[in-house]
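Naming follows writing order (A, B, C, D and E), and every chain is counted from residue 1.
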Amino acid sequence: PGFGAGKTIVIGGSLPLTGAYAETGQWIEKGMLFWAAEINAKGGLLGRNVEFKIYDDQSDVSKAVTFAEKVITVDKVDLLFGGYPGTAARAVMPVAEKHKFVYVSMGGHMKSFEQGYTYSFGAPPLMGEWWYEGFFHWLATVPADKRPQRAAVYTINNPVGLSLTDSIERWTKKLNIQIVINEKYNAPLTDATAMIVKAKQSKCDILFANGFFPDGVTTMKAAKALDYNPKIIVQGVGSVVPAWVKELGKDGDYVFSGTSLSGQLKYPGNDKLNAYTKKTYNLNEYPLYFGFGYAWMQTLEQAVKGAKNLDQTKIRDWLKTNEVNTIAGPMTFDKRGLPEPINFGTQIINGKVELISPKRVQTKEPVYPKPAWKK
Amino acid sequence: MLEGKKITKRFGGLTALSDVDFEVRRSEIVGLIGPNGSGKTTLFNVISGIYAPDGGDLFFENQKITNLLPYKRARMGIGRTFQIVRPLTGLNLIENVATGVLYGRQKKIGSREARERALEILSFTGLSDRARKLPSELILEDRKRLEIARALALHPEILLLDEVFAGLNPTEISSAIELTFRIREKYGTTIFMIEHVMKAIMNTCSRIIVLNFGIKLTEGSPDEVANNPEVISAYLGAAYAKC
Amino acid sequence: MINKLYPAAMAILAVLLAAFPCIGPEVYYLSFLFSIFMYVILASSWNFIGGYAGYISFGHAAFFGIGAFATAKMATMLELPPLLTMLAAIPAGGIAALVALIVGYPCLKIRGPYFSVVTLCFAFVVDLAVKNIEFLGGAEGLWIKFMDIPEKTSRTIMYELMFLLMVITLAASWFLGRSRFGAGLTAIRSDEEVAETMAIPTAKLKIQAFVLSAFFPGVAGGLFAYYLGYIHTDAVFNINISILIVLMAMFGGGGTWLGPIIGAVILTVVNEGLSTFAQAEIARIIYGALFIVVTIFMPNGIIDFFRKKDGMT
Amino acid sequence: MLSVENITVCYGQMKALREVSLEVSTGQMVALIGANGSGKSTLINAISGLVPIAGGEITWEGQTLKGLTPDNICREGIIQVPEGRKLFPAMTVEENLIMGAYHPNVRKQAQESLQKVFSTFPRIADRRRQFAGSLSGGEQQMVALGRALMAKPRLLMLDEPSLGLSPKAAAEIFDIIRGLNKEGMTILLVSQEVMQTLAITTYGYVLENGVLALKDSCDRLLEDPKVKTSYLGL
Amino acid sequence: MDAVLIIQSLISGIMMGMVYALLGVGFSLTWGVMHVINISHGAFGLLGAYMAYSLLQYFGVDPIVSAAVSVPLLFLVACGIYQLLIRPITRAQNVVMASMILTFGLAIILENVMAIIWKADPRVLTPTYSSGALILGPFYFQYPHVVGFGLSLAGITAIYLFLKKTYTGMAVRAAWQQPEAARLYGVNLYWISMITFALAVSTAGAGGICLALLNSFEPHSHNLWLINLFLVVIVGGVGNVIGTALAGLIIGVITGLSMAFLPFLWVNLVTFGLLMIFLIFRPHGIFKQEGI
């Protein structure tokens, strides 16, 4: 409790701090805590200090639901924070709806925003459907005769993976790229040899590896070992986490992907976050999920300030009608609780995640085609 | 009542039983002897249904039982003991026997009644004072008695006894022989027994079947068998012939 | 004396638990007890096959998940009104039982650790199959419409239903432990071959126990689907659930009535409590240490430990 | 060379042996008889160190065996052929025998001993590559004996070596035991075949419910009325 | 279907299978010999992987070289753990169950200790050769696979020879089949159990290093490893070293072939389905006979 009991604003919820999603959960937690420290230093929210009540749901969806109910009904927190992964968010969104609590998170992908919930917001969301927009916009600028012609698409069979394929199918048609291989796989992917051999034999010159970090690593290793050199390798959400560059080094270079947040964006706040993560974690740029944690809190902060009190319905209504400004840029929300599609194309160049598209945010000219593996 | 025709059982390359014919008639006590590894226990396993024979047929009360599951045979009245005792570990003696009673051949009864019946059987086999002990706390002889008690719980028509006399000294053997006769008296059970203890075999059996290398060597009254030169050379040994 | 008091105490406890929502507790407490009931059901029904018959199934989450998906599918496909959907959990349990019947037939011929692994594989097969079948929502999962009644009322209904299911499961478990059926299963655990020669129809009993042990988790899965509102294969077919069920039952004492109850309650409460009071990793470490300490001091389960102290058999 | 003085052994509450004493001197073959459960195996196991003794003392060549574990006692040359043979079923006959010479003291002579065992028991020499579990009872007993010989016993304790054997096989085993004793082996023999046992041993002890009931030379034991009624069934 | 694809995916399937076999032998041994089902086996493997990771990261020591340090270190750790935790439960009525519960707890502890030390971020073991390949005609033998395969083969052979040819190894087998008789012939059960356990854990470490060359790992990865090695052990027959190796090959072939012939979506499903059917028809693993 801060000064004056009951004065503190408590924000509660659960994150996967241990188990399968521990890494991500912990980054989100760090982002949120950074926000709290910052706002408390500035005199708090509505003049009150903020404090977190974070439970570890052990990467278990049903625990996430129970803890959401706990913070709402027992801990009687003032605000709810968003969870991870998408499946947990999908399950918590109805709880938030029933208890009429604003729930700002990455959301559980497009489908969960189409269930008619009114209290859930993705701010910014992590939408598979949008993930490759930036990349494709750039690809469209490549002259047609220089574009890759044949695509191999390997997709992890989970909600994120499935939502990634939508835009691939739409865009490849538009850009006249033939999808030669289009396959899904169930995690865990322990060996990608057969995938790479198939892609190589089918002369695919663009590879979409729509997976997470472990699958991404496995496919990259196999691609290098089997000396498979497509013009483009696109990776799912795995390649924008800090571990990618850190662990794969040179081998992770030239991979395209997308992001909805980046420390290199010129929106206010990004420099500060970068400086903090540089100092604390020795990272050149704040990690994606650190940013998510921070941005969700930013959104909540502005909504509370806008509504001027902690009435959840007022906060929701404020969000529905006003613009918020976050490190991911300005956003206004539609009926579903989603902003306009946000996406930036990325490529890893010399061990750094560079923004390549749209032009206005470009930090580096993309390297195309991808240089052959050095043996 | 129990008849086997050309029973054959193979384990991989080894023929444990080959074309064995035998018959046990009601109220008889029949012995089964033979050198170690001659297939005696295997024959019991075939009769009780633990192994399916590779050839031949079994009949019980003139019904073919060759392909019946073991529990069906037990229901028909074939009870057995195991050479290497196999009590239901973790259950005390009453529970061991009561389980047998519950699934036995008498009309369905409640568990209380089953325990009473179990106690009766235990006292008949001389175990009543140890009724609440666990099998692991018993000495071998008592465990063998427990095997018999559990088989009796079924109220069998025929009882297959596999070396229940092993490890007993001559005096104890006498009391075990007496128990064998009492079982037949009280339960009217026919008995088919495997035994290496000649004293027991000679004194109880009306007929003895001799197996050697899975083949039936001979069959006859105890005297005939004991004086059969083939049996002496394969099984009894020269020393036995002398005395 | 103690034997007389025992059922009476149980009855009082049951009435108190049933009446608990009347004092108007917060929704969370209902949910928390709901999950305890659920694990008691899972562990106790696992106990039928795993505890009594000694067939350690490592795939019981499969039945739980089948129940959940069957209920959710029925609810969305038939567009049942929410309250009726809950009843759909019963046929869903039936489906789980049917699946158990089909896989039990070949699997129950295998004994010991091999059975455990076959059931483990079975759970993976079911999980992956559901992920691959669009009809069941595939990798996307399924949403269930929620009831148009106040949250507290709907949680109370679910609480009472799960409680009822638990009472039924425990009653079944109680009678099973004292019945001819239970005696037969215990004999099977001890020595199946001997059990056969005691006229116990082992194959039949095992199948019956397996089917029964799949039915209750199936129904519980149906209620759970409703509780969650959105179900995904990762949430219900999780291997950790299968393992947790086994551990709960054995931790308390397999093959007894009370053991799985104690195991389920202790582990659920401790886990929840630790998440509340300790830092995440430390909480997990303490939780892990609990298993170690209990096993070292009570290697045969908690029940066995106290039974020895009381000197009862 | 072995002397057991007033030892008591308990299994939980139950006293399996009460103040039992026994002596075996070099080159002797001593019989230990008694009813089922009278504690014969317990006594042998106590000497081997498998069960702890609650009171009394066992001395071996003047030194106490107190506190020694079975492997240390084995090093002293006190070797037991356990009841029920207890072979290593999934190891070959040869490996079973080699295991007999596990102890470092005798390991070096293992090959030599192996040849000797095979020449004593030619029947198992033919089966040296077969798994011990697939042998017949008589052969298993030979392997068990052979395994004990591999350990170069100075005192050989045999617990019911003829159990479950056909009369012929049992007689063979007794012949072998007598032969070993003739070669100078000190032997403590437990058996239910009271007549045969007392016929080949020189001195005998009789256990009854964990208490030593009688001890005498075998000739006299054979005449003893109590032995006659209780153990010979006469 | 063309031959290159089939053979290429067979090659990598088999090589992976062998790595799981190396992880599995130790698990199989403790189970067979001591009736201890070590749920934390995979976690120990992961510990080996993390140790190799740190040694590579901070001292630039190649994982194969550093195994010479980390494997013996794990051996010592395992001796301590045996002494403290495993030994007390060997007197339980049901050692199998008790050991499972205890080592489940141990696995949770190890996982979270690793999470504290090395953080939850995924790691990749990337020595210089990590994504190179030996090219023979149209076939690529990826170095991590080759190294893992070689190390596994060496490890399994060493364990086999140890069990078959050395006195200590024979004592391990003897102690497992007939503990009482083993004691009577001079085997110190306590020592043998400790050695078995420690040996098992150190092979897990070696296996973990091999696996880490192939896939990325995180503190919870051991769960996945455990499931795979569990399958290998069961298919091979508990306690059977040769069986475990063969099972590794078989599972490798199954995965390899299904990768080549089936849509990837069905690979895991078919693999588990086939294993289930295999076990139903051959419930005691590849060999009927007990052996090593």
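Just so it is clear, contacts are C-beta pairs under 8 Å (C-beta built on N, C-alpha and C of every residue); 3 or more make two chains touch, one makes a residue touch a chain.
Note that this is a predicted model, so its numbers are computed, not measured.
If you take chain B and chain E together, the chains in touch with both are C, D.
Path length between chain A and chain E in the touching-chain graph (shortest route): 1. At the far end from chain D, in terms of centres built from Cα atoms, lies A.
Here the chain at the heart of the structure, going by C-alpha means, is E.
Rounded to whole angstrom units, the spacing between the C-alpha centres of chain A and chain C is 36. Centre-to-centre spacing of chain D and chain E amounts to 42 Å, using the average Cα coordinate of each chain.
Separating the centre of chain A from that of chain B, both taken as means of CA atoms, is a distance of 73 Å.
Averaged C-alpha coordinates give centres for chain C and chain D that are 53 Å from one another. Counting partner chains per residue, chain D has no residue touching two or more of them.
In chain C, 128, 132, 240, 281, 284 are the positions where the chain touches two or more neighbouring chains simultaneously. In chain A, the residues touching two or more other chains are 18, 157, 186. Each chain pair that touches appears in this list: A-C, A-E, B-C, B-D, C-E, D-E.
Residues of chain B touching chain D in their complex: 33-37, 83, 139-142, 163, 166-174, 196, 198-199, 234-240. Within the complex formed with chain A, the chain C residues making contact are 26-29, 31-32, 35, 128, 131-132, 138-141, 143, 146, 151, 224, 227-230, 232, 234-235, 238, 240, 272, 275-276, 280-281, 283-284.
Contacts from chain B toward chain C in the complex involve residues 48-50, 69-72, 74-75, 79-80, 82, 86, 88-92, 95, 98-100, 102-105, 108, 111, 132, 150-151, 153-154. On the chain E side of its complex with chain A, the touching residues are 2, 4-5, 8-9, 11-13, 16, 111-112, 115, 119-124, 126, 130-133, 140, 142-144, 214-216, 218-220, 224, 228, 255-256, 259-260, 263-265, 267-269. Of all residues in chain E, only 31, 37, 85, 88-89, 91-94, 96-98, 100-102, 104-109, 111-113, 115-116, 223, 227, 230-231, 234, 238, 265-266, 268-269, 272-273, 275-276, 279-280, 283-285 touch chain C in the complex they form.
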